[in-house]
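Below, each structure is written out as C-alpha cells.
In the two complexes that follow, subunit A is the common piece, with subunit B as its partner first and subunit C second.
Up next, the complex of A and B:
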C-alpha cells in the first residue's frame, strides 16, 4: 500500500511523493514498563480491573472507573479466538508476510482479549473458539511484537 | 438558564473526487463562497469559524493553518480548528453560539482521503503500544467486529448486502457522491471477500471532499432561512479505546448519545448515519432504537462517498437539507470517529 508514491503529471499539475515518519521515543510509564520488560523475558502479565476482569494486555486504568490498576496476574501462553478476520494479502509492517488471520484472543485466565495475528495458513483452519498458543519472537525488544504471532494449538 | 435556539441555515458540499490535484484551500474556497451566497451574507457577518480536518492526511503539521486562506483572516476573525471530522467542529460552533458571544457561525471541513493510504493513516489512531505496531488498519478491525456480529446473530450477510445495495441505489441520485456498482443483493453476496467476512461493498469508498455549513441563533436563523433546521439535541459519547474491552456487538456510546440527544422522544423521519461499514449501519440503527419508519441515509451515506474528516459534516448537511426542502420534519445526523464506532456524535434537528 505504501508503494503508491511516484511522480506523475495529472491535468497539468505535477504530483510529487511525500513520505512522513514520526520516529520519536517516549517513556511508557511504570505499569507498561513492567509489562514490556516481562514480555521481553517471555512472561505474560495482565492486570485485574475493579469488576474482577483480567486485562491482557494490561489496562493501566480501569475502563469502568478510571482508577489506576496495580494487581498483576501471570497468565499462560494459551488462549481462545473470540473473533477473527482474514488478511489475504499482508501489508508492510504486519506480523506475518504470508496470508494469516487477525484475531481477538482471550488468554486462559484472562477476560479481555488481545488483538494479534494467528499463523493459520488457510482461512478454513481457524474459527471462533479455536485454541492458540503464543509464538515468541526470536529477537525481543520490549514491545507487543515480542509476541511474533499465535500458532494453532495441536496444529488444528 | 435555558439554551439558545440554534439552527443550520445553509449548506454547501463539493462533489466527491478521487486523486484530486487541488490543495485544501482550492477545495474549500468555492464551497465557502457558495454557502455564503446561498444564505445571502458576507464573510464579515460570520462571528465564528470552525474547521475540521486531519494533518496526518495532509502529511503536514499545522496544515489547517494554511486552510485559513480559504476564509480570509483580515479584518481579524475568530476561528478554531478540531483535528477531527467537521461534525465535531459543528459541535464546537454550537457551544460558541450558546455562549451568546456570536449569532452566526460557519463550519467547514475537508479531507483528501485518496492522497495517501487511508487505512494505514487511520491505523495511527489506535493504541500506540498495543495495536498500532501490528498495522491492522480499520478494515481489519471492522472485519473482526462484523464477524462477532454475524456469529451473535445481530446482523446477517444478506442484511449487510441490502444496506450496500440501498446505499448505492440512493447514492446515484446524489450529485456529491461517486456512482457505485449496480449489482443486485444476490450478485453482491457472490462477490469475493476483501477482508473475510467483509466484501468490497461492505466498506466505504474513500473520496476527496469538502463541505460547509452556516449555523445561526434565534432571530438571526429565522432571518437567514425560510425553514431553519433547529438543533433540538446534540450529544457526543466515547467508548473505551481498548478494542477488546468493549462489546463488539453493540455500541453503548451511540445508545447514550442518541438518548441524550432526544432521539426517542418522537418519530425520526430521516436519519443520516455515518457508518463506514455496512454492519455498522445496522449496529447504529439498533443502538439508537430507530424504527422501520425512519428513512435511513437517503443521500447514500458514507458508504458511497467517505471523505474522511468531512463525511460526518456531510450527514449534517444532508439531514438539514431535508428539513429545508420540507421533505422531513424531524431528522437525525450522526458522526462517528475512531475504530469500531468508538466515538459517536448524535444530533436531532426539527423544522417549524
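Up next, the complex of A and C:
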C-alpha cells in the first residue's frame, strides 16, 4: 500500500501516486488440484468433454453442457504449434531470458491449445505446424510453470 | 404494468470459513446445481443469467462473471453483472426479477457469491487513497460510532446487541447451510466476549465466509405450469444515497426509509409489523437489528431495542427476524443479500426446514451495502397479489 507523501504540483494540478498492493490466495478445488499435482509429477492430464474433445489444461465444467468433468486423459509430452508470436526482447519474469516464441500449442491427443513459451532461439525456426516437446522445470511447485517451456522436436 | 413473477428454485452452498474443496467456479456451481434441481429444470431452460458479488478487490479477480460463463454453460445466453457493494445479493435478485417483469425473459437464473478466504474483505477496500482521509477502520470500525449514536439516542441498554447475536447464532443451528453452528451461547457468555470496536463485541460481528446462493425466477405464465411451491414476488425496491454529505442521517439513512416506504406502497402493506410474517434482514453487526427495525418502519423510532428485549424477533415472536441465522452466522458478502431474499422465499414456499416459521405467507428480504448507502428489499408471498 502506498503512502500519500509524494503529492506534487504539476502545471497547477496536484498529482499523487496510488500504488495498491494486496496479498490474495487461490483455492482451485479438488479437480484442478489433481491437474496441478500431476504437473508436479511430470504428468500431463486433461479432461474429456461430453462431445469427446480433450481439454488441456483441463476444463472443470463442460463448456457445452455445464456438467462437471471427471474423465481424465493422460497426454504425451509432445504437441504442435498452431500459431505464435516472437518475443524479441524478453522482460523480467518471462519464461526465458533470451528471445523466444509465445505459442498456442495443441498437445498430441488434445483438442484445444495451451499458451506457452517455445525455446526456438530464432524466429525463422518456428512456424505453424512445428512439432514441440515439454521441457520440465527442475523445481516444480504444482503450477503451469512446472512446464519450463517447450523445445523444438528433432531440432528444426 | 410489470408482469408477475415467482421464485421457483432456491439453492445455496454450505457456507464455511474456507471452502478449499472447490474453486470459485465450483462454489458457484454448487448453489446453481441445487437451485436448478429445486426448480426441476436444467440450464438449457434458462434464458438469462444475472450475477452479483461484492467488489472485485475482495478476491482480486477482475470481472469473474466473464470466466464463470463457461462453468455456468452460459454460452449463447445473456450474462449480466450487478454491483452494489454488500447489498448486491439483493439488488442482483431484483435485477433478475426485473428481466422477467419486463417481459424480456421467461426464466432467469440469478447468483450471488463470495469466496472471502481468497482475499481479506476487511482491508481490501481500505487502501489509503491520496487526498482522502485514511480511515483504516474496517467495517466494524466504520459502523461502531453509528451504533454508539443509536445507543445514545434510543437509550438502549448495552446488552441488546448480545441478545440479537445469541438469537441469530442459536437460529443458525437449525440451518444446515449456515457457516457457524454454535449452540451453546448464553447472554452471559456473549457479554464476556471481547470488545472489538467499542461498543461492538466479538459475538456481535459477522464471520467471513465462502458461499453462494442461486435463485430461479419464472414468469407467471411459466410458473403457473410449474409444479411445486412458489414465492410470488409482490414488490421490489431499491434506493441509494452517498456515504457522506452534510446533514446525513447516519443511524437511520433516508435511502433505507425510502426503500421500505416504496416496498410497502407497492405491496399494499399498511402495517408492516402485523402483515409481514417473517423478516430476513441484513444484520452484519447485531445492533443493526433494532436499527433497521426502525429504519424500515416496523418499530417506532427508538423502540426497536425493546422489541429485541421482548423477544418479538425470536423464532417464536410475532415478527421472527433471521430464522436462518442471518449474516451474523454466514457472511459470504456478495451472496449475503441474496441469502436474505432466498431465505424469505423458502419461508413462504414452506421449504425452510427446521427454521421454518409455521404458516408464513408473507416474507421480506432486505439487504444494505457500502456505508449504509445502498438498500434493496423484496416482499414475497405464497399467494399471488
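Here is the rule we use: the second predicted complex is superposed on the first by the 133 of 156 C-alpha atoms of A that agree within 3 Å, B and C clash if a C-alpha of one lies under 4 Å from a C-alpha of the other, contacts with A are read in each partner's own complex, and residues count from 1 in each chain.
Going forward, a contact is a pair of C-beta atoms (placed from the backbone, for glycine too) under 8 Å apart; a residue touches a chain by one contact, two chains touch by 3 or more.
Owing to the predicted nature of the structure, the values given are computational and were not obtained by experimental measurement.
In the overlay built on the shared chain, the residue A:7 is in contact with subunit C alone; subunit B does not reach it.
After overlaying the two complexes on the shared chain, residue contacts for A:16 are found with subunit C alone; subunit B is out of touch.
Of the two partner chains placed by superposition, subunit B and subunit C are both touched by A:63.
Contacts of A:154 after superposition: neither subunit B nor subunit C is touched. Applying the stated contact rule after C-alpha superposition, one finds that A:32 touches each of subunit B and subunit C.
Of the two partner chains, neither subunit B nor subunit C is touched by A:52.
More residues of subunit A lie in touch with B than with the remaining chain of the pair subunit B and subunit C. Residue overlap on subunit A between the subunit B contacts of one complex and the subunit C contacts of the other covers 1-2, 4, 18, 20, 28, 32, 59, 63.
Interface of subunit B with subunit A (complex): residues 19, 21, 59-60, 117, 119-120, 129-131, 133-137, 140-141, 143-148, 151, 193-198, 240, 242-246, 248. Interface residues of subunit A, counted against subunit B in their complex, comprise 1-2, 4, 10-11, 13, 15, 18-20, 28, 32, 36, 55, 57, 59, 63, 82-88, 91-95, 102-104, 106, 112-117, 123, 128, 143-145. If you check the complex, the residues on subunit C that touch subunit A are 18-23, 25-26, 29, 43, 57, 59-60, 70-73, 75, 115, 117-120, 123-124, 127-131, 134.
For subunit A in complex with subunit C, the touching residues are 1-4, 7, 14, 16-18, 20, 22-32, 59-66, 68.
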